[in-house]
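Got a structure for you, written out below as structure tokens; questions coming shortly.
The chains carry the letters A, B and C, assigned in the order they are written, with residues numbered from 1 in each.
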Amino acid sequence: MEANGSLRLGCPVTYLHSCLRGAGQVMFQNSSWTGLLFLIGIFYGAYAEGQPLVAWGGAVALLVSTITGYVLEQPSDEGEEGLWGFNGILVGCGIMTFVGNTVGAWIAIVLCSALTVWVRRGFNNIMSPWGVSSFTFPFVFCTWIFLLCARTMSALPSEYMSAVSLPTAETAIVHPLDLPHLLVYWLKGVSQVFLINNWVSGVLFLIGLALCSRWAAFWAAAGSGMALFIAIAYGAPSSDIANGLYGFSPVLTAIALGCTFYKPSWRSALWCVLGTVTTVFIQGAMDVLFMPVGLPTLTAPFCIATWLFIFPKFKIGR
Amino acid sequence: MEANGSLRLGCPVTYLHSCLRGAGQVMFQNSSWTGLLFLIGIFYGAYAEGQPLVAWGGAVALLVSTITGYVLEQPSDEGEEGLWGFNGILVGCGIMTFVGNTVGAWIAIVLCSALTVWVRRGFNNIMSPWGVSSFTFPFVFCTWIFLLCARTMSALPSEYMSAVSLPTAETAIVHPLDLPHLLVYWLKGVSQVFLINNWVSGVLFLIGLALCSRWAAFWAAAGSGMALFIAIAYGAPSSDIANGLYGFSPVLTAIALGCTFYKPSWRSALWCVLGTVTTVFIQGAMDVLFMPVGLPTLTAPFCIATWLFIFPKFKIGR
Amino acid sequence: MEANGSLRLGCPVTYLHSCLRGAGQVMFQNSSWTGLLFLIGIFYGAYAEGQPLVAWGGAVALLVSTITGYVLEQPSDEGEEGLWGFNGILVGCGIMTFVGNTVGAWIAIVLCSALTVWVRRGFNNIMSPWGVSSFTFPFVFCTWIFLLCARTMSALPSEYMSAVSLPTAETAIVHPLDLPHLLVYWLKGVSQVFLINNWVSGVLFLIGLALCSRWAAFWAAAGSGMALFIAIAYGAPSSDIANGLYGFSPVLTAIALGCTFYKPSWRSALWCVLGTVTTVFIQGAMDVLFMPVGLPTLTAPFCIATWLFIFPKFKIGR
């Protein structure tokens, strides 16, 4: 980050960097190269899984939210670090994952991704007395609004959302647990951070992380692995496990606690393991809590768990 | 407001002014005349729709909450401005709209409207570090408690509450969209601020606003109009649209952002439009979220949206 | 509390005192004798009702959470006062009341009771600007996570949890309301503070309270009595009333407002009665709110009501 953090509006290169870093900041990396690999992973996975609009939604929302930061004259060092775009890109991927391809959905993406920029600023204002930030919660909060609307507004068809139901125990285990499959589930846990259900994207995301921080790549991989182990050991629904849906929030918690907010050390590693395991249970709990309205948790379990492990303000490794 | 803000307990004229301003403050107007027109509108609409108890519930709750402010020796300038009563009147209208006419319901109105006075003080204490107030959220929070109880306590019959259900898409559009009907829906959006489903009341409320502030009347009308447009464009449930249920929260958001917390200007007008549109989606989202327990959102969408647009603390027009 | 609050890790007597006081602090009593009587009541009631694991779960969780406080080097005066253990013991009783006896459940108890120690520290950090503490909410929040998981993870069988359902009015009153039965319901309201459904335990808890504070014993008894009266008068579900489920949160609110946070006086007594009555309605409301996921409220109604009556910061009796 430059000492003089001024951004020249209209300079396409600076703007491009802001956008790429916005992608990178989803996993706390202030690096255009990491962001580029994330985008490649998103587009590869989205096309491979036959959902190209998920990638395009993310790209449009990334552009919109970054522009919004300029227009609102937010602090420009935040823009250079990509802090305007990381909620936006997730909004675009999120809405296009669950909502059908309509004009209304695209307008919702534009509005919702712009909204995250000032909602993030507002949430950070609220949370600043406690020394934490809002993480990806602006994305979660704003996207929830539009996904809930999709249940009641015909211009936002909820065709890809899960069915609403009262919680019921799933008993049948239909997904094999041999080593090749476990590897796929593990990597999908990483790829689902961007709502991508594709193991190759998971590999690309890990490479992107390693470009900027080996520790981040390690903890992302370890977070998904731990989540996989706990989810299987506790008999979580096997389809969720197989699609990496128990992995993406623990991946983020592990990066946050393992090497972002605490310096890597044995003490912080233990803390990170506890936080990651807790995230798995918060994921399961929120899955149940939202079943009656069929709402996805998005990355809320990561936000909640990481807050719980930062609020006590222990002096661990930093 | 007088420099010496002391209220003489026992002076009926002062007390009456406090009550009338309490009605006016529901839409942010510190004016007895505005409050009087609101009360006329409430009584007219309640009798016209065959629900006179909604008006009487509101009147009783307004008296009780204003007295509670005196008894608790709250700051008397707040009383003179009507800040004790605006949550109370909504409590009375709210409980009598949804709960049957029983002794238990009337005791609930007395307890709940008194409760809002210190819950408001508590919420304002919590929120003061961020420079916002609790708006009508004390009414919302306290009324939710008793409406939820109505599902499980026989002394609070839930006969006028909507059925509980898992969210389902409503497809049939059964309400006509020609101009005369649209005008009615638009004015009902205003009248529903006080839970009154009557377009004449909406006219009376707009006149009441105009007596105190032309800008407030303009933004109330514009807020309901924008909400109507967005709700129709996005295919929200047509019965909700026809009854003005997509309008009342945006009306309040528009008054709050358009001319109460920001000075009217082109910049604040744009901000207000964004906030009003966002309120419509929060309304739809909360409608879905509460379907499994059949709880009305009350004015929570207004509170949430307005907070989201004030927390960032942008310097817009003031 | 000693001036020099240092705890000597490894001194079994000090550790035992911390644990016993942890039991006592559930009802705000910093006394080993009170804690001992609470434990006797828990074990008596659990065995009498054929659920011995509820008592053993509580005991294990009390030990684990108190050890966690030592290991994390929390302020040792808090440990001496039993502030590490009171959430823990409730976690153990809570999980074993609702979840079947599996290895997974016991690991959950260990993790969840440890979790409460730093979640409490975090919540207290958040709430300190407003001069309140988190009460038993760390227990509530952390236990909710694992109880919700029990709906979706087979290693946490939800066999003792209530069925999920959309809210429906219960009409049949099947529990007799003669004096002997009312006495049982009243005492069960006290025993359910520790999730024990046994009137003798209720007597033991009241004796334990009286050992430390006559006022606390009085308000506990009065709180359960008021709750019983209001719940019957408003026609709450009779099975909940008969099992003391409308009593345990008001018991805690009454002790908190009647003699813990305000000095006993006529003014604080009136305030306490209002708070206790409000707790009954919050209990009914949360019961309905959680029906679709079949989650128990635990002591959340007490926490919410007591916060609502402390946040306004009235100068009542202290």
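Simple rule for what comes next: contacts are C-beta pairs under 8 Å (C-beta built on N, C-alpha and C of every residue); 3 or more make two chains touch, one makes a residue touch a chain.
Since the model is a prediction, treat every value here as computed from it, not as a measurement.
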Minimal step count in the chain contact network, subunit B to subunit C
1
To bring subunit A onto subunit B by a C-alpha fit, how many degrees must it turn, rounded to the nearest 5?
120
Per the centroid of Cα atoms for each chain, what is the distance between subunit A and subunit C, given in Å?
36
Check: subunit A positions touching at least 2 other chains come out as 129, 166, 292
Could you pull out which subunit A residues touch subunit B in their complex?
72, 104, 108, 111, 115, 118-119, 121-123, 125-126, 129, 144-149, 151-156, 158, 164-166, 292-295
Touching subunit C in the complex: which residues of subunit A?
129-130, 166-171, 233-237, 277-278, 281-282, 284-289, 291-292, 307-314
